[in-house]
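Below, each structure is written out as structure tokens.
Both of the next two complexes hold chain A, though its partner changes from chain B to chain C.
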Partner chain A sequence: MSEAPLDTTTSTQATVVPPTAQRNSGLLSTGVGRNLGLVVALVVLCIVGAVTAGDTFATGPNVLTILRLAATIGVVSIGMTFVITGGGIDLSVGAILALSSVWATTLATQQMADSYGWIVMASTALLVGAACGLVNGILVAYGKIVPFIATLAMLAAARGLAETISDRRTQIVANNSFVDFFGGSLIGVPVLVWIFLLVAAAGWVVLNRTTFGRRTFAVGGNAEAARLAGIKVQRHTAALYVLAGLCCGIAAVMLMARTTTGSSTHGQFYELDAIAAVVIGGTLLSGGRGTIVGTVFGVLIFSTLNNVFTLNNLSISAQSVAKGVIIVIAVLLQQRLASRTTSS
Partner chain B sequence: MSEAALLTMTGIVKEFPGVRALDGVDLDVRAGEVHCLLGQNGAGKSTLIRVLTGAHQPDAGAIQIDGEDVQLNSPTAAIDRGIAAIYQELDLVPGLSVAENIFLGHEPSTFGFSRRHEAALRAREILEGLGHGEIPVRREVGSLPAAGQQVVSMARALSRDARLIVMDEPSAVLDPEEVANLFRVIKGLTERGVAVVYISHRLEEIREIGDRVTVLKDGATVATGLDARETPTQELIRLMTGRSIEYVFPPRAEILSTAPVVLSVEGLSRPGEFAEISFDVRAGEIVGFAGLVGSGRSEVLETVYGARRAATGSVHVDGKRLKPGRVQSAVKAGVGLAPEERKSQALLMDEAVFKNITVSSMERFASVGFLNRTAERQVATQLAESLDVRPPGVDRPVRNLSGGNQQKVVLARWLLRDCRVLLLDEPTRGVDVGARSEIYALVRKLAASGVAIVLVSSEVEEVLGLADRVVVLREGQAVHTGPAQDIDEHQVLDLVMEGSSV
Partner chain C sequence: MSHSARTIIVAGIGVLALAACTSNTPKADPSDAAKTQAVSAGKNDEPGKKVKIGFSAPAADHGWMGAITKATQAEAKKYSDVELVVAEGTNDVNLQISQVETFINQKVDAIVLLPFDGAALTAVATKAMEAGITVVNVDREFGSPAAARTTVLGDNYGMGVSAGGYVCSQLKDKKDSIVAEIAGIDSLPLTQDRSKGFKDALAGCGLKVNNRVAAEFTVESGEKAAANLLQAAPKIDAIWNHDDDQGVGVMAAIKNSNRKDFFLVGGAGSANVMRDIKAGTSLVKATVVYPSTQGADGVRLARLLLQKKALGDLVEVEVPRKVQLFAPVVTKDNVDQYLPTAFES
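For the complex of A and B:
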């Protein structure tokens, strides 16, 4: 059961790659090579974990812990994959998550949840997330503000608003049915992990099999060509940020369940973790090329690394250094692969 | 011009995985001559230039400068040997001043502090030597027109004491007047003993400025040391293509006056670009726009398409008015645009051919947002086959296709939408001689199927050969409208240059 999530990702990959192989031998080498590198990295990490902390690392409960921790940042990263593939960037994800969690745990919201059920809290978080995303989208697409600046402003504003609403206090989730549902398990796998899987699967389908996904690649790859081909570039760009905001809302629900709190300090540095996961997964920071499978691997690699370090009683600071090194190696490898395939 | 060779390249071979880009190229260049390099796209000109400037290392062959064997291991090594190149896409830093660009990488300095005054003086000196003392050395390069930037590029080469300057299609971005200026600069250079390797597709330029010609075909030298003025055009084309044909324009069809007017443009204006442009295009008709760079030809086309918003005037397709400034409105009404800059304005270079073809008709292949990729691929394959896109197969990235085949992909995109109106901006730019006739035949076939076509081209011959009716633009004004048969190349050139050439 502990391997179920991993199996799903590898099997999706397996079904994706063969058609690519027939279509284009040039891209095949990048596609397989890149994902192969990620698989190898993950396996190496697991081996290191098993050797250094075998008795605790290679246990079912520990694997579930890794996955549960991966789930929240994973959902944020899926949204980020869309934004980056579409040629943008979203620095405000962590702040939006914090604001969503705070708004969904105010006294008023929780009182409503008492009469109408936890769905009120969940949908509040989702709505707040999507609304923040919409503001981002409008600023970027219609206000023509560069994404970096627009979302930086949102980062500051959303966290500030979260502090104002919560008065900088941590708000406890009092609704037991909420904690019970999201904190529970389904067929032995935590609900949080299921949500991550669902979001990742949906993200993959949308990005690779729908007009929305195709337009995302077109807008990110060449916005001018997309516009002249008749694609509504502005509307699509706005939609990408809404999607990212929605993912933050979902992640807020997940974090509220895990910590049983809503707080303006939730989601600190999530933007950096998400961007790192997306980029080591193989999505181009300049847009036009993106991979959900890669992002999922990126997230798993970082959370496994986290786990291995924690089990070995290594400091958070050491983890950060290792993370930095991994990002650099991953990007260097990618560039090597990319230049090899373009010159052939 | 001296008889001794400044540069000799013999048997140069360069292989990339799967391709032999250069397969035995010989080239010798003498000091003080303009040596023209001719060849179709893909003949190996660019690769040869990269080898010469140290960007690529040859797999075999020898390079000699002044009779001495040299290795050009890096761009710096080439610069040190006095070789400089001026590329089509100029490699200047737009935010730096003219003087800073000229001395980029070797600024006059003391202990790391640049001597700005000296740099400015020396820059002015070099520019004056090029006959362009009027270019202000402290001005930002990005604010100069293309011709001015080119001069700065040349000044930079000279500041490094270049003895051989490679110019890759330097006239492509210039007006005839500016080209004349460029030629004066080149003459000045050669008089000082600098050798110029000149690449151009325009034979008339080679006749005017060139001394000797080397022809490349399929990565090998097929002829070298030809006299640039005396060698007959037929001979040069035969060497380049292996056959001796010039462009073949398909015969015109008769446009019945009963054919419905599909596109109707009335009083279209954009201040500073063009004014009061009106024309009708009937089903099956090709209307061509001729004019210089800056005459407003492309702007008119983009305004009709809605990519620019018209200040006044209207565009009707099949009697229905298009919303100004709205591309979607035009696309919905059945208008397609094949823009001038194919790579940056039309194509998703890294995406597969079929995705580029279906990008404007995705709804056709989608049910509740889900794409039917099998159907997409099938339809795209049929289209690609009918347009003879080579190499066949719709799954390779568009980047790997030649210019002509990329253009076919753009046309296929609009064919798939059953376009009523097709706007073609420079349809054969970057398309080699052999593929041009194919594009011409294709455009005529499209017209014959009832599409109304508007053609914009900087090549007068192309407009006159392909279009049924011609509109001549000068400085944003339509100065002539009439059947293409009733006017010849000289008359058109007279019209477009009148006033501006004196």
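For the complex of A and C:
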């Protein structure tokens, strides 16, 4: 997509203006090619699944099972795509999800939900997620702490706070209308999957069709150039982390519905799953290039892999090895594509 | 089934809630009951109708959990009529829920489920039961009785009571003894139950837990927690460590500190610790068993349920609603009895 900021770092004005002008052509030339690779990977996985466990794999309920598994981590990954495209990283997503789920299921929150409806629980989760993201953003953008360290601190602190609030116990969601709504289906598709689709669609529009998205590419590609071009880089960076935190809050609501619990153990290692999905999707870890469609494919590839392995009764550790191999292949492919586009 | 394992199960049957006609059991018509009675005890191992059983458990990040899966697979292999489908071990409830959903899609006959968090898996287990699949809950209990046909449990509270009782028997003359406890993952109800049992049993002889730390069932966390404990308490008379896997780390920390002023009681009952007890040279004087064969028992019960057989040595024709295993104290005197079913960590 916007390659220019990566290649030329010396001249300032010239680096920022071209990407916005060239973006559409860049999207077509490299974006489709990369996504084609992902489509092929997913199709191959599906063929393997259909051949080895066809009677179960290629059924409607099984497809919904794959999508339900993908939904929660998918929403987290959409937020992660923005942060990584903007040149950062967020290691605290799993911990923020846990904290949001715990905060939204405390006795106090649930009692308020009894009087005012489940919207109280959902908005609590979103607010807590966004607030944690804001802290991350302020630390990174204004405190000048490296994103890796700032969000590592948040990972530890948010998980610890979640344990303190819940007293390390699992909190059960007593509000039936909450579980019925989010756990139910609309036109045959689970509400969780609808939420994932909506978040992904909104993420795609914001990243590819708005000024906010263009600024994200610019900040991630070359923050200094973006600043000289008049973008408020600090404010924008902080906003990206708030967005990621908000996505964690949404994911917390989804996991609360799926498990009917809030717990400080929710979302363990989601940061790794999300980063893996984003990276194999084709978003550049160094920032400046990002794709929502690729991320969605990345998430689907991992959840389909899980499903195929479970269906085939394969060994517990083989799956982790397969995941590792897929990540390495994806990154190698990505590097080759990147070097080809810079040389041409 | 080995003879000693059968003894433990039969001796440990806690609650026999008769579930003959409740909504979550397969409809038992009179002819089925007759068939059930026809198969008398001892003939249960004879091959019957082919059954497909799904099994899912948390990640094997410590020896006991690894032993659960190994024992389950080994048990299933003994039966030509059992096909076991094992899902990836995971500590992510989101993934474990989708594994159960996959089992439902695969139309397995039964699911043996050791949930990472019982409350979080209750909804999907109920869904499986509603789909006509026999769910056998293992170790960590669901939040609703409708989520499983049968539950196989260890006795966590009983483990605490057994450990506390042993500590009391050793320290009964010294009322000012310092007792320490190295717990497992505090967020799990099983840890809370063990600690409560330990506290209650100690109260019976006028002792209390003076120092308590919590580890995470892993060797590394055991070492860290024990090192902290030994720093915090200059004098200790007895330590109860909840889990023999984290116990490997605990022993390492004790060795580094050169302390010998106390004795140690283990938990879960690994083969390592039992060999130490037998040798009598280390600080470990006893351990309380938490059977690692629960998943294997779950598979056997699922098979009996699906083939409509009765549990041997019981008069009742239906498999019990709940089977709770006993938590005996293993000391030098009786270690030979328990060593064969102990797990290698």
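Some notes on this structure:
Quick note on the criterion: the second predicted complex is superposed on the first by the 313 of 344 C-alpha atoms of A that agree within 3 Å, B and C clash if a C-alpha of one lies under 4 Å from a C-alpha of the other, contacts with A are read in each partner's own complex, and residues count from 1 in each chain.
Methods note: a contact is a pair of C-beta atoms (placed from the backbone, for glycine too) under 8 Å apart; a residue touches a chain by one contact, two chains touch by 3 or more.
Values in this document were obtained by computation on a predicted structure and should not be read as measured data.
Overlay on chain A: chain B and chain C fit together in the combined arrangement.
When the shared chain is aligned, no partner comes close enough to touch A:G245: not chain B, not chain C. In the superposed model, A:R227 makes contact with chain B only, not with chain C.
Counting the residues of chain A that each partner touches, chain B and chain C differ, and the larger count belongs to C. In the overlay built on the shared chain, the residue A:G281 is in contact with neither chain B nor chain C.
In the superposition on chain A, contact of A:F269 is made with chain C only, not with chain B. Touch criterion met: A:E163 reaches chain C, while chain B stays clear of it. When both complexes are overlaid on chain A, the residue A:T260 reaches chain C alone and has no touch with chain B.
Of the two partner chains, neither chain B nor chain C is touched by A:G294.
In the superposition on chain A, A:P147 makes contact with neither chain B nor chain C. In this overlay, which is a superposition and not a single complex, chain B and chain C have their closest Cα atoms 34 Å apart.
Listing the residues of chain C that touch chain A in their complex gives 60, 69, 84-89, 91-95, 97-99, 101-102, 104-107, 116-117, 119-123, 143, 185-187, 189. Partner chain A is touched in their complex by these residues of chain B: 16-18, 305, 307, 327-328, 331-332, 337, 339, 344-352, 355, 359-360, 362-363, 366, 369-371, 373, 395-397, 400, 413.
Touching chain C in their complex are the following residues of chain A: 53, 56, 59, 61-62, 65-66, 68-69, 72-73, 163, 166, 168-170, 172, 179, 183, 255, 258-261, 263-270, 303, 306-307, 309-311, 313, 316, 319.
Here chain A touches chain B in the complex through residues 22-24, 26-27, 209-212, 214-215, 217-218, 221-222, 224-232, 288-289, 343-344, going by the rule given at the top.
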